[in-house]
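The two complexes that follow have subunit A in common; it is paired with subunit B in the first and with subunit C in the second.
Up next is the complex of A and B:
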């Protein structure tokens, strides 16, 4: 997030798209409700009728994968009415003219044809966002998990800059991160192209700096992303995979393809707190500890690094992840003799400039928001305050592109996937939790009442879903949450896995798979 | 009877709510929201309220395991680490460091993620390190 969670409640307008906030980030949704109570306008654009849609001043259900058209359409209307923040654009941004030319053709009529959004709704969205300042945009994987994920994010940034909403309190571009420490994993260099704090591995000075810090010559070539790794396994180029705290068997797209890839490995090492579907395929399983048994830090979606404190001793014969990695490293011939997570933290802050001013003592109970470069720095509530990190904010000319797969005669329905309120990701943590399991015990597919009637399917009856990748049987949930022609499957449930169906086509830059759109066939199970 | 309250952070979504773990005689018995926390101000969602339940689940892994004769069996840490290292070294010897991939995690701590990528880069010698941010 460019801005902070608490700031949301003082926004004059909140635009939520591709985030089912009240189900997946309830304590962020709480700030949205507070903002509403203070008089904020709320715009919700989601292919489903989510709970927040009911509270919105305008809510639309855009067609899956039509986000660039929708956003360009909003910006077309804003420019036509002269609602843009002209002096902000002139002082703080560049390449505005190229962008302006690109949105010229996205008339409300054209957008209605692509996205299925009524013209007066689109006009209202544009007017509310542009004329209530500061306005905040919240989004999640509904924007990013597309073959055009990068284009979608660029379009969101265009919209925010067009109305002068970046670098101001209670405004901003605010991706809501799905996992507790996905921000930290990125910050710490858990990526194939960068060292900690996003320092590129291809820049020689960075490579030298880390080589010196770690006492070892380091590779300068960008490595494989997770998407590349699967392909390299199939091609026989990747022979060993060490998986820490992940369950790709359920979280990766096109499960059949992934199983084939994992079976080609000579060595699969899996480190987890549960015997996951991925661990079942492993040659070695390392038993790690849970959140309550460890010290360390997590960094949340608003860049706040916070201290996690050990409450109980590790159960039975389990070890902290840092102890396992240290043992493995030492046995490989590279000594790691850390005594505590604090010692590791003190090392990482010396090579991670945005965390440079942090210590366990300074973090306290509230944590610190990066960038926090030195010991006197109070942390950063929102980014790009007086100028953008890169200097000038860069507008991008973005054209709408179709998703990789669209419904046809054979697979006539749209399918999208996501989370539901009681469960979390691949379900390994929530499905063993008695209270959460009681809320929802099985997977399901949401289907509109009209479609259910056409197919002769009643609520709770089992249906068969099939795509070009695979098929699964699953109970139907007849619901107005989905519009006619659209189906939704949560991906938490191993016995009816959403990702046996999804398309592994991915964004060319971000390598993110298109989980949010594919074509599917639905039949009543025999 | 020994009762402790330990402040920590919820490990479900990316919101990062402050929680209080309640520990009775060394057993984790409940989770409460932290009143003064800047993110959640004394509230939690249904997952947060039940955070302790996955920790105390009897389905937790309790020991390292090694595959022997096609089946995973409980092993000692020394065996598990030693066997892994022998196999890894042989693979690196035969196919080079880029034949190894490492997946860091959005679930473990910053300190542990730092070590995972350090392990991939400095110990294995590859930048083949990624995690599930995209998934």
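Up next is the complex of A and C:
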């Protein structure tokens, strides 16, 4: 997030798209409700009717994968009415003219054709966003898990810059991160192309810096993304895989394809707190400790690095993640002799500029938000205040592209996947909780009452879903949450896995798979 | 006070004592025992408020003979009374040390003022239920308006169960809120208004107006007011003031005559 969670409460307008915030980020939804009650305008654009849609000043259900068209359409209207923040654009951004030319053709009529958004709704969205300042944009995987994921994010940034909403309190571009520490993992260089604090591996100076810090020559080239890894496994170029705290058997697209890839490996290591579906396939399983048993830090969605303190000692035959990695590394010939997580933290702050001013002592009760470059720095509540990281904010001319797969005669329905409120990700942690299990015991597919009627399917009846990748049988949930022609399957349930259906087509830059759109056939199960 | 608790533990007047201790900067509920007598020096009394009596109930369920001491404010004492009435705790096994309480609607010389909700935001005043409102003011809304306002509040519910989980007098082994024949599962908001009404009905003769539910609610639903109304009815119909004594509740035995007129279904 460019901005902070608490700031949302004081936004004059909140635009939520591709995030079922009240189900998946309930404590951020709390801020949205409070903002709304204080008088903020609320815009919700989601292919499904979500809980927050009921509270919106304008709520639309755009067609899956039509986000670029929708956003360009909003910006087209803003420019037509002269609602843009002209002086901000002139002082703080560049390549505005190219961008402006690109959105010229996205008339409300054209957007209605593509996205199915009524013209007056689109106009209202544009007006509310542009004329209530500061305006904050919240989004999540509904924006990113597309073959056009990067384009979608660029369009959101265009919109925010167009109205001068980046670098201001209670505004910003705010992706809501889906895990408590995914921000921290990325900050620490858990990506194939960067060292900690996003220092590119391809820059020679960075390579030298880290080679010196770690006492080892480094390859200096970009590694594999998950998407690349699966392909490399199939091709026999990747022979060993070490999976830590992840369950790709359920979370990666196109399960059949992934199983084939895993079977080709010489060695699969799995490190988790529970014996996951992926661990079942592993040659070696390391039992790690849970959150209650460990010390360390997490960095959350608002870039806040916070201390976590163990409540109980680790249970028998388990180890801290850092201990497992240290022992394994030492056994493989690169000695790691750390005494504590704090010692590791102190080391990382010397090579991670945005964490440079942090110590366990300074983190205290509330943590610190990066960038926090030196010992006197109070941390950063919101980014890009006086200038952008690269200097000027760069507008991108983005054209709408169709998703990789769209409904046709054979597979006539749209399918999207996501989370539901009672479970988390592949259910490794939540499906073993009796209360959460009571809340939702099985997978399901949401289907509009009209479609259910056409198919002769009643609520709770089993249906067969099939795509070009595979098929699964699953109970139907008849619901107005989905519009006619659209189906939704939550991906928490191994017995009716969404990822047997989803398309592994991916964004060319981010390599993120298109979990949010594919074409599907639905039939009553025999 | 620390000395008294130490004495109690030493002399085995109590086996454990439930109070608060500052752990890594947070005032947290803590179980003091004879094995760590020096810890009693770290016992604190601050603004922090948890339902220590709920913890006592859970401990007593597993160790029925254990003698439990705990810090009580006025609200904790009311909750204890309810727990005695419902046989969740045995008064003989409980020892209490009273600590200061604040001016609240229920007790003139106590201080729950830090629990008072902030001034309600404009939209909430307009279409919802102001958390600062009292029962009389809420009843001034017409029936239809009042229903709409409550439905607005309930629609925000995230089904986090914070209200139930923090509640000192929620002790049922099986919770009706999780009974799938009563309330559908699997979506947010939960089925409304039934989810909130089932809980409200269960608060009749039980809720001791401690306000922890409302404090825990992430979306500011005016739960305290809702349960106050329920207990006003209990008070009017049965002349029973919940939590004021450990006397029998009108709900845990059948009376000799019907005091409510049957209404047509």
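The criterion applied here is as follows: the second predicted complex is superposed on the first by the 526 of 526 C-alpha atoms of A that agree within 3 Å, B and C clash if a C-alpha of one lies under 4 Å from a C-alpha of the other, contacts with A are read in each partner's own complex, and residues count from 1 in each chain.
Assume contacts are C-beta pairs under 8 Å (C-beta built on N, C-alpha and C of every residue); 3 or more make two chains touch, one makes a residue touch a chain.
The shown structure was predicted, so the numbers you read here are calculated from the model rather than taken from an experiment.
Contacts of A:440 after superposition on the shared chain: subunit C is touched, whereas subunit B is not. Once chain A of one complex is fitted onto chain A of the other, the partner contacts of A:420 are limited to subunit C, with no touch recorded for subunit B. Of the two partner chains, neither subunit B nor subunit C is touched by A:98. Of the two partner chains placed by the overlay, only subunit C lies in contact with A:51; subunit B stays clear of it. In the superposed pair of complexes, A:90 makes contact with neither subunit B nor subunit C. Applying the stated contact rule after C-alpha superposition, one finds that A:36 touches subunit C and leaves subunit B untouched. Residue contacts after overlaying the shared chain place A:26 against subunit B and subunit C alike. In the superposition on chain A, contact of A:399 is made with neither subunit B nor subunit C. When subunit B and subunit C are set side by side, the one touching more residues of subunit A is B. Applying the stated contact rule after C-alpha superposition, one finds that A:331 touches subunit B and leaves subunit C untouched. Residues 26-27, 30, 309, 365, 421-422, 435, 439 of subunit A are contacted both by subunit B in one complex and by subunit C in the other. Across the complex, subunit A meets subunit C through its residues 22-23, 26-27, 29-30, 33-34, 36-39, 51, 54-55, 309, 364-365, 420-422, 435, 438-440, 444, 477, 481. Considering their complex, residues 24-26, 120-124, 128, 155-156, 158-161, 178, 180, 185-189, 218-220 of subunit C touch subunit A.
The touching residues of subunit B, counted against subunit A in their complex, run 4, 6-18, 21, 23, 26-28, 34, 36-40, 43-55, 57, 59-67, 72, 77, 80-85, 87-89, 91, 95, 97-135.
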